[in-house]
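Lettered A, B, C and D in written order, each chain numbered from 1.
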Amino acid sequence: MSADAATEPGYSASEMMIAASARGLAGVRNCFVGVGLPNIVCNLAQRTVAPGLQLVYESGVFGARPERLPLSIGDPTLATGSTAVTSMFELFAYYLQAGLIDVAFLGAAQIDRFGNINTTVIGEYATPKVRLPGSGGACEIAIHARRILVIMRQGQRSFVDRLDFRTSPGHSGDPAHDAARGWWGSGPTSVVTDLGTYGFDEATGEMTLATTHPGVTLERVRESMGWEPAVAPGLGETPPPTTEELRLIREELDPGGAYTR
Amino acid sequence: MSKVATMQEAVRDLVRDGDTVAIEGFTHLICFAAGHEIIRQRKRDLTLARMTPDVIYDQMIGAGVARKLIFSWLGNPGVGSLHAVRRRIEDADPEPLEIEEYSHFGMVCRYVAGASNLPFFPIRSYYESDIPSVNPNIVPMTSPYADGTEVYVVPPLRPDVAIVHAQRADVNGDAQIWGLLGCQKEAAFAAERVIVVVEEIVDEAVIRRDPNRTVIPGVAVDAVVAEPFGCHPSFAQGYYDRDNAFYLDWDRIAREPASLDAWLEEWVYGLESHRDYVEKWGAAHWDALRPAPALSGEVDYGRYA
Amino acid sequence: MSKVATMQEAVRDLVRDGDTVAIEGFTHLICFAAGHEIIRQRKRDLTLARMTPDVIYDQMIGAGVARKLIFSWLGNPGVGSLHAVRRRIEDADPEPLEIEEYSHFGMVCRYVAGASNLPFFPIRSYYESDIPSVNPNIVPMTSPYADGTEVYVVPPLRPDVAIVHAQRADVNGDAQIWGLLGCQKEAAFAAERVIVVVEEIVDEAVIRRDPNRTVIPGVAVDAVVAEPFGCHPSFAQGYYDRDNAFYLDWDRIAREPASLDAWLEEWVYGLESHRDYVEKWGAAHWDALRPAPALSGEVDYGRYA
Amino acid sequence: MSADAATEPGYSASEMMIAASARGLAGVRNCFVGVGLPNIVCNLAQRTVAPGLQLVYESGVFGARPERLPLSIGDPTLATGSTAVTSMFELFAYYLQAGLIDVAFLGAAQIDRFGNINTTVIGEYATPKVRLPGSGGACEIAIHARRILVIMRQGQRSFVDRLDFRTSPGHSGDPAHDAARGWWGSGPTSVVTDLGTYGFDEATGEMTLATTHPGVTLERVRESMGWEPAVAPGLGETPPPTTEELRLIREELDPGGAYTR
């Protein structure tokens, strides 16, 4: 229902999400890319704010130069012309677990106020209403990537007060505990949705609304989540996609509009 | 000596009812041809292991060959759900499916432990996740050294049979792969019996010209099967592209048991072998999937005589 | 951005007195040029780690750069002893040398643990051997699973600096190796700082044409040094042969401190750089070590646009 | 002093050792090769009793086809034209530790009656009279190779009643214990020296003289070891090297005579 919530004449909610997320990658060296939106986000960032960005795929590719938009993270276009192709053991052990990954994107079926993520089941694990894909690499990515960015649409069913299952750990709600964990991840640093962008409060580890997208009211945001959101003092508006960002998305990255219409 | 066999022979002789079978390959080099032959030979009560069950296991589980699934990511990559698997898990339709679930790295480490003859493998994952609470095989352990770091360990995975697809191998089973490597090497070394399926069988001299390219040596292989286009709708780097259209179609086909059964009837049971499958798709289909060349260049090993 | 540096700069900026330094390479690709520069810059109190200390560490230890040695096999391969090292261990001549000793697999697993950020690594070795009795870092552990298998674990090895030689790399440090791989990849990923030395720096496009050949990616590398013949008397597969005659000569040279010092004076201290060393040996020497070609052949990655 | 103990007119002690060892490889699929004599033994076996023998080197080479006799186990001639070159982690973990190695050769500075091996020190570990190379891969090879063959010259200083250091485990002297160890190695199966060949007694795990080389008396063997050896009932004589074995050794494998004169 919130599919086109933030749609203004001229661009779609997805295009707003992509543009806002890409700007968050300014200056980043390497990024663990997921399929779908994150894939477009990283390719857009590479063409705008992060020209040196190395694309890393859990399928074992480092420094990919995809000549087309891959449908999956294992697309053949990712291997051809990349810097290195490695076994998945080495990618997860020597790159991710060893702390070489600067930024990673995670999606979620459910997320809570502390950035804990569920991609496993809706309902009881043993008798699920909906069986979701599960962790894949998300659990270890959440733990080892030095910055975690979440990109997802928000609504009462996805922004929940209580997860049905915690697949990937976020903030604990106790920053002292988080600091003592001894892992790099330790919770998302930002969330971009179709309605706005969020950071996480240093003191409480709680998701905090930073900006709303053009045309989105605070009430609309409140109605679209399962808890009363913390709001940053001086809540801002997300700058809309620039003409150049839209051109790149529409002409180069997703000409078919598979992900962005 | 030669280990060359037909897919029919290899599956008949090496895959047994009740076996744990791993057809590995991360998006790349998934051997659909072997999965179809297992369906055709109506194997039963298999435990299927795969990081990403993918469409091949949706087809096999829809066909009723399996009682259990071991996995780390359950979906149709880039498309959505595996409907046949979901019916089994969500509705026990037509019967329940036992599942055992890990993260990607957990599955990889299980294969590495199996390949290395290790009783357990340590991993820095699962912290503050609910996954260990639903999988008792994932257990915490503390470093015996001064740092006392907490890790989790996973047990070795030793499939009865591993089936891996490679671009090429010689008749001894020395197999070479380029492009995405997934966890095929680890799965093959971990398995009791190994079937290597290839796009082409090449002269041993071709393998020996570039020994660093060899991913699975013949010493670990029981049968070598030549099955061109054997990965379709998955792909073989440099040979043919992923058939993304089929992955999208499968979402529709698998939504209803009737349409899934009809597809199996037409494309698996109704055919003698993968050769018939290739013929049925037709030459134009394969031509459309063939990429332009992108050659690796050569390196010099030097002759030291 | 480019990480290209001279050997002088790389050793000056990245190797510090007191560091744990690993110059790895199993017989193949041992970077003597880096060892000589470390001697030339008179680094001190180093802990030297290497599976097989080889002649390079006999030279470095004879030159007094090290206070400790971590190893798994201490000899001149195919020839005999490392006399300078033995004098330090057997006679504390001119001073004692601390040692920490493993088996080959133990050393490899220490690097793998370091590269993987694991607090320990399990290994099925050392059973009923006296090695653990002289190395408290090797500790027994029991599998937490029903089998209760006994293993030993070794701690991670995380060198301050790893120096690895490769046939080629681009200016970003993406390095490709063929022939014997030893444990260079693991040592590089395990180290805090990494120097990659190569026979030649190539265009990034050469690396990207064959990404499966990349052993160490630039993301793990701090400096790239071009040093042709930098492994002599070790070898670079396809570029030059092992100088077995020198390995035999070294047995004689190192037997007496006087002759060892004289050699260091003439071949290390007396020279500005490895270029001088190459020149001093003379073109005929290098021509004699060059093998006939033995090309790998090409594979096709396919262009997917 | 026993350097040429078994020398008869026509062949050297080394040539006898090589021929006798090579015959022990009849029908073997693969063998972990050491440098020096074992290297010549395996190449001789490949040309005689084990045409299908795959040469494996701990340096990471499987199925080597050396075009020259390598001085070291890391010689470049071993990689060129081999079946597979792998990282040492994989060689030790996936091949050796996983039980894929059928036969391996070990040498020794000291060996005891149960086949325990010392390659570490002569004297006290902390204050050694002679510092030897140490284990290398020997400790894990002794534990995981399915058959262990030892080839070494014997004498009072090498065949000892008590090792100065146990680098690699042999038989324990208690076969029940050996069987319960759960490893494949569990002690050498044969020892070939310059004086004779030995097996190991099933019941006691003790080294047992099986044959003496031509011209070697039992007294001579007794004088050349540190304990009173068990002798097989019906002690035989080792068949001397055949003309063909000698031709292969001298013309093809060690024309320089570096290892065999």
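As a working rule, a residue touches a chain if its C-beta (ideal position, glycine included) is under 8 Å from a C-beta of that chain, and two chains touch if they have at least 3 such contacts.
No experiment lies behind these values; they were computed from the predicted model shown.
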Partner chains shared by subunit A and subunit C (touch criterion as defined above): B
Minimal step count in the chain contact network, subunit B to subunit C: 1
More contacts between chains, C-D or B-D: C-D
Distance from subunit D to subunit B - Cα centre to Cα centre, in angstrom: 41
Between subunit B and subunit A, distance of the C-alpha-averaged centres to the nearest whole Å: 29
Centre distance in Å when subunit A and subunit D are each reduced to the mean of their C-alpha atoms: 59
Residues of subunit D engaged with two or more neighbouring chains: 61, 75-76, 79-81, 85-86, 93, 97
Residue list for subunit C, restricted to those that touch at least two other chains: 112, 117-118, 124, 149, 178-179, 181, 185-186, 209, 212, 237, 241, 291, 294, 301-305
Chains that touch, pairwise: A-B, A-C, B-C, B-D, C-D
Of subunit A, residues touching subunit C in the complex: 29-30, 52, 54, 61-63, 65, 67-68, 75-77, 79-86, 90, 93-95, 97-100
Touch list for subunit C against partner subunit B, complex: 117-122, 124, 139, 141, 143-145, 147, 149, 151, 153, 155, 167, 176, 178-179, 181, 206, 209-210, 212-213, 237-239, 241, 291-305
Contact set on subunit A toward subunit B in their complex: 35-36, 58-61, 70-76, 78-81, 85-89, 92-93, 96-97, 120, 125, 128-140, 143-144, 165-169, 172, 181-183
List of subunit C residues in touch with subunit D within their complex: 26-28, 51-52, 71-75, 77-79, 85-86, 89-90, 101-105, 108-109, 111-112, 123-131, 134, 149, 178-183, 185-186, 235, 237, 241-242, 244, 247, 291, 294
Sites on subunit C touched by subunit A in the complex: 1, 112, 115-118, 172, 174, 185-186, 189, 204, 207-209, 211-212, 214, 217-220, 301-305
